[in-house]
Amino acid sequence: MAGKSAATPSTYSPSPAPKTKRPIFQDVDWVRPDGRGFHQCRPAFLKTGAVNAASGSAYAEFGNTKVIVSVFGPRESKKAMAYSGTGRLNCNVSYTTFAMPIRGQGSDHKGYSSMLHKALEGAIIVESFPKTTVDVFALVLESGGSDLPVVISCASLALADAGIMMYDLVASVSVSCLGKNLVIDPILEEESYQDGSLLITCMPSRNEVTQLTVNGEWSTPRVHEAMQICLEACSKLAKIIRSCLKETASAPKD
Amino acid sequence: MTSHSQPSVLWQRRSTRRYNPFLGFFSDYHLGLFVGLSLFYSLEVVLGNKTLKKMVSANVSGDLSSEMEVDAFRRLFPLRYHERFLLDSIRPDARPLGRARDTSLALGAVASADGSALAKIGCTTMLAAVKMEVMTPPKESPDEGSIAIEFYMPPICSPLVRPGRPAEEAPVVSKQLSDTILSSGMINLKELSLVSGKAAWMAYLDIYCLDADGSLFDAALLAAVAAFSHLRIPVVSLNEEGRVVVVSEENEEGKSEKEPVNKGKRKLTLSSLPFSLTCILHKNYILADPTAEEESIMETLVTVVLDSSGQLVSLYKPGGPVLAYASAVQDCIALTRQRVKELKSILNEAISDMEVD
Amino acid sequence: MVGLSVGEKHFIQGGIAQDLRTDGRRRLTYRPFNVETGVIPQANGSARVRLGGTDVIASVKAELGKPSPSQPDKGKVNIYVDCSPTAAPMFEGRGGEELSTELSGALQHCLLGGKSGAGAGIDLSSLVVVEGKVCWDLYIDGLVVSSDGNLLDALGAAIKAALTNTGIPKVEVAVGASGDGLPEVDISDDEYLQFDTSGVPVIVTLTKVGRHYIVDATLEEESQMSSAVSVSVSGQGRICGLIKRGGAGLDPSVILDMISVAKHVSEQLMNKLDSEISAAEAFEEES
Amino acid sequence: MEFVSPEGLRLDGRRPMEMRQIRGEIGAVAKADGSAFFEMGNTKVIAAVYGPREVENRSQQISDQALVRCEYTMANFSTGDRMRKPKGDRRSTEISLVIRQTMEACILTHLMPRSQIDIFVQVLQADGGTRSACINAATLALADAGIPMRDLVTSCSAGYLNSTPLLDLNYVEDSAGGPDVTVGILPKLDKVTLLQMDAKLPMDIFENVMQLAIEGCKAIANYIREVLLENTKQLEYRRGP
């Protein structure tokens, strides 16, 4: 039997393989699995100061997507690095082994670290910490879809919590294209069936896009529409991030 | 599209009434922190000044100390700073020597796992999750399952850990944890069997340290025990190919005639739960539940693990300059005994909280 | 690693502002390029693209594999890029890894379409031999031999040419294969399947230097960029992927403008590339 | 297995003492100080030379001579089955070292103290004799970079199968497991700088095989000199009168 060959791991998950039949996503009057409207984001919960050992940290929970980001530094760069008049940004995103429905699937997100770096570098004033490095480390505790945008937004909150100088807060939102519909802030199930996706990271007060990726086939008006939806959601998300920071600041100081 | 015209509920705040282990945990934590901090600061000023006066009179560090600030003193002479507190039988965070930090526990923090728990001792935070997978049991023990325990210190938890370079404590704690959990006999491996000789459960227990502030083992063990008590084993059946698959709860009730293999065995019977307490031995003092700072200054650690009935499961004393006399070890065990009571009630409370929701 | 003096930097920036670049090109002109196919006879298909001083090789190797359980009716395509240390000393050892990963990711993103397979340049369902059991796995390897900027566009073109050059052996499935085991297959030696590569998009990278953007930037010009947008455009003028690089933020309206410029440029590039590829194929058959 | 047919022809139709078709080309990499492409039958390699330049890692600097470094890499598609090995495996480290030592012996390193010369060789397609092809490509690239050398270094391999000495083994012959002698010579000085053999061979046969390889090296040296001459003519022509 093929299943008994040496190549297969000695254990397997009893969860059934993802269903091959595509749900009826194409219809216009289809309802999202969690009952949201197409252009409605999941409720967001954000909190600073999740990790005491870090200079700044934040916890974000969007639906089932749960993320912690710690910021360390500015601190001494690694020895091998040459002198630099500007600061360095170092990003790392990792997954817990239980983040995905099947154990150990989180390793196929290697590109996320560099994506996070690209999304943040445009917003950070690196001149403000010459010769040193700021480390941004993210851990996805549980993956529930739209992981990267949540990590990016959470990282921006953690950077603010650490007092790293930024031009503006960074907010990130993605949309999935499912048949004729554009759905914002997709969950894992929607992401696995998507025809295309668009992710925007922006600095809402400056109206600047720091990162944009498009995947799958799109027409130009469609890209335009998706960008509009995302930018709108980004500015709302930025407000929530801001209010979260204000809350922390206005809380009775020691 | 109607969702556009409505006053948008985009990013609406999550209502606090829903059960959310993280939410509860964070708000508690902040409250605790503020109380702790105000206490701590007032003490530090009083004690700190006293310390400095003594320092000057003792003329230990000469003219340097006369203008030294409390914080600088703490950084430059950490040992002396801490010893100054110990003289008054108190610690820099306002705890008496034998008291552990505030401990909280939340079950079911990770929905993608079969059982999970978040444990917090002071600032040290651990997230443990159990995932069940199926394996063919080895020939020597055809009716036993297995447990694999791994402890991780991701770079978020401490400034000392960098990506790509695993922390050196992690494998040590990992080994200690699996030794303790397996030798305590908490879990009967026979309960993890599905079909004798054919299929058995492999329980992957992964514990992530989210915030490292000392006593990592204690927090990790607490999280691990709690994750196992939260564990709900999925109902499974055998399919045509001889593989074990999950029986979905809602829809396929009617059409699947296959008998679930493990009906009524959804929860493990946990006997004699292990709990632990780490103490620092320094001179004649015994400090329970040290913080990371204390651990870095005073090196002799003793970890005592007792099970819920008070039996000694294991005792670690990994080196250190202070010799542990029988009396000191006895004291540690006594402290642990007290602590086990606390931890037991915290765990029971967390379980009952969970059941109410 | 480009070390430029202040004067050189001004010269490059000034040239771009006046629509006359250092090598005499205008902002939206490509360097002359040259396509050679069949350079790696051991592979199922291969091509070498030279774009000014940039020189890349792409090869396609097909292996029989098992389709992923979530998509039993599709083959699998993997794209890996390697940066040879011959292109720059900094790629020595593991030094090229970072760029390699970035380029591989960008190419996968631009050429393979969305998760459901929509918008993919290659029809993945044509790679299936037996649904759910056997399919072709395509391994597309890119190698950067020499680098003078605009690697992504060159690699995209090389992959398109290599795919056009690719012949996959025809596979006969032995009838009466057992139910759950792997069916036996018979690989034919002389009959080959060719891909329809008209749907494979081309990648156009617009590099923003100062207030203007240019196509096909050289290494020197890339060192002066504030940000760059790579758009992959299919023959029908639809966008198949987009990636922004570089740190500086861009106004959303600028991005939309760049997309429309990229679409316009892509038409010319697509025509030029198609004619180069067919010329190369004709030349290869002759020789 | 029969490697030489009764008619005296090898698997690819060559005579025992016949070399595969060789082709060399200067200037394959625009940004390098010197570069070359070298082809021996189906074995294709590219070499690029950077330097002499400042030593990157100060601790490696040598005060009275140049530091020569070499890295040998194989493209993923270079072998019949797709390579999945990571970079820097043992074999490529060994070949890097062989090439470095061979080239270092002919470069006048004492003329360039406190500097560094990097030789990078990239195998595009491997069909036996990669190390010889790499050395030949590296010679061309070094000459193109204008680095002072005692002499050219050329290399060729020879083997002994079916009791016949064979020149310039291809992959199939190479993997037959018979003796394989790789020789590198300085043709003008008539000196051997590299000699590698990994099998048992009677002394008299070894001498024959080695002599054959040396003949091959000399033929390659003549070809390389032609390529260089042609290149120099081109350069002169381009410079104008």
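Per-chain numbering from 1; labels A, B, C and D assigned in written order.
As a convention for this text, a residue touches a chain if its C-beta (ideal position, glycine included) is under 8 Å from a C-beta of that chain, and two chains touch if they have at least 3 such contacts.
Here is each chain with its UniProt name: A, D = Exosome complex component RRP41-like; B = Ribosomal RNA-processing protein 43; C = Ribosomal RNA-processing protein 42.
Quick caveat: nothing in here was measured; it's all calculated off a predicted structure.
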item	value
Smallest number of contact steps required from chain A to reach chain D	2
Remaining connected clusters, assuming chain A were absent and nothing shifted: B | C, D
item	value
Most central chain, Cα average position	A
Pair joined by more contacting C-beta pairs (C-D or A-B)	A-B
Distance between chain centroids, defined by C-alpha means - chain C, chain D (Å)	32
Inter-chain centre distance, chain A versus chain C - centres from mean C-alpha coordinates, in Å	27
Computed distance of Cα centres, chain C from chain B, in Å	49
Multi-partner residues of chain C (each touching 2 or more other chains)	180
Residues of chain A whose C-beta touches two or more other chains	1
Topology of the chain contact graph, where touching chains are joined (line, ring, star, complete, other)	line
All touching chain pairs, where touch follows the definition stated at the start	A-B, A-C, C-D
Complex contact set, residues of chain A against chain C	1-2, 17-18, 20, 22, 110-111, 114, 118, 121-123, 177, 191-197, 202-203, 206-220, 223-224, 227, 231
Chain A residues touching chain B - in the complex, by the definition given at the top	1, 3, 10-16, 37-41, 43-45, 47, 49-54, 57, 59, 61, 64, 66, 68-70, 72, 75, 92, 94, 96-101, 103, 135, 137-139, 141-144, 233, 236-237, 239-240, 251-252, 254
Contact footprint of chain A on chain B as seen in their complex	1-4, 8-14, 20, 22-23, 26, 30, 34, 37-38, 41, 109-113, 116, 123, 125, 127, 129, 131-136, 150, 152, 154-159, 162-163, 202, 204, 206, 208, 210-213, 234, 236, 241, 243-246, 248, 292
Complex contacts: residues of chain C adjacent to chain D	39-43, 46, 52-55, 57, 59, 61, 63, 80, 82, 84-89, 92-94, 139, 141, 143, 145-148, 219
Chain C - residues contacting chain A, complex	69-72, 98, 101-102, 105, 109, 113-116, 118-119, 180-182, 227, 229, 234, 238-252, 255-256, 259-260, 263
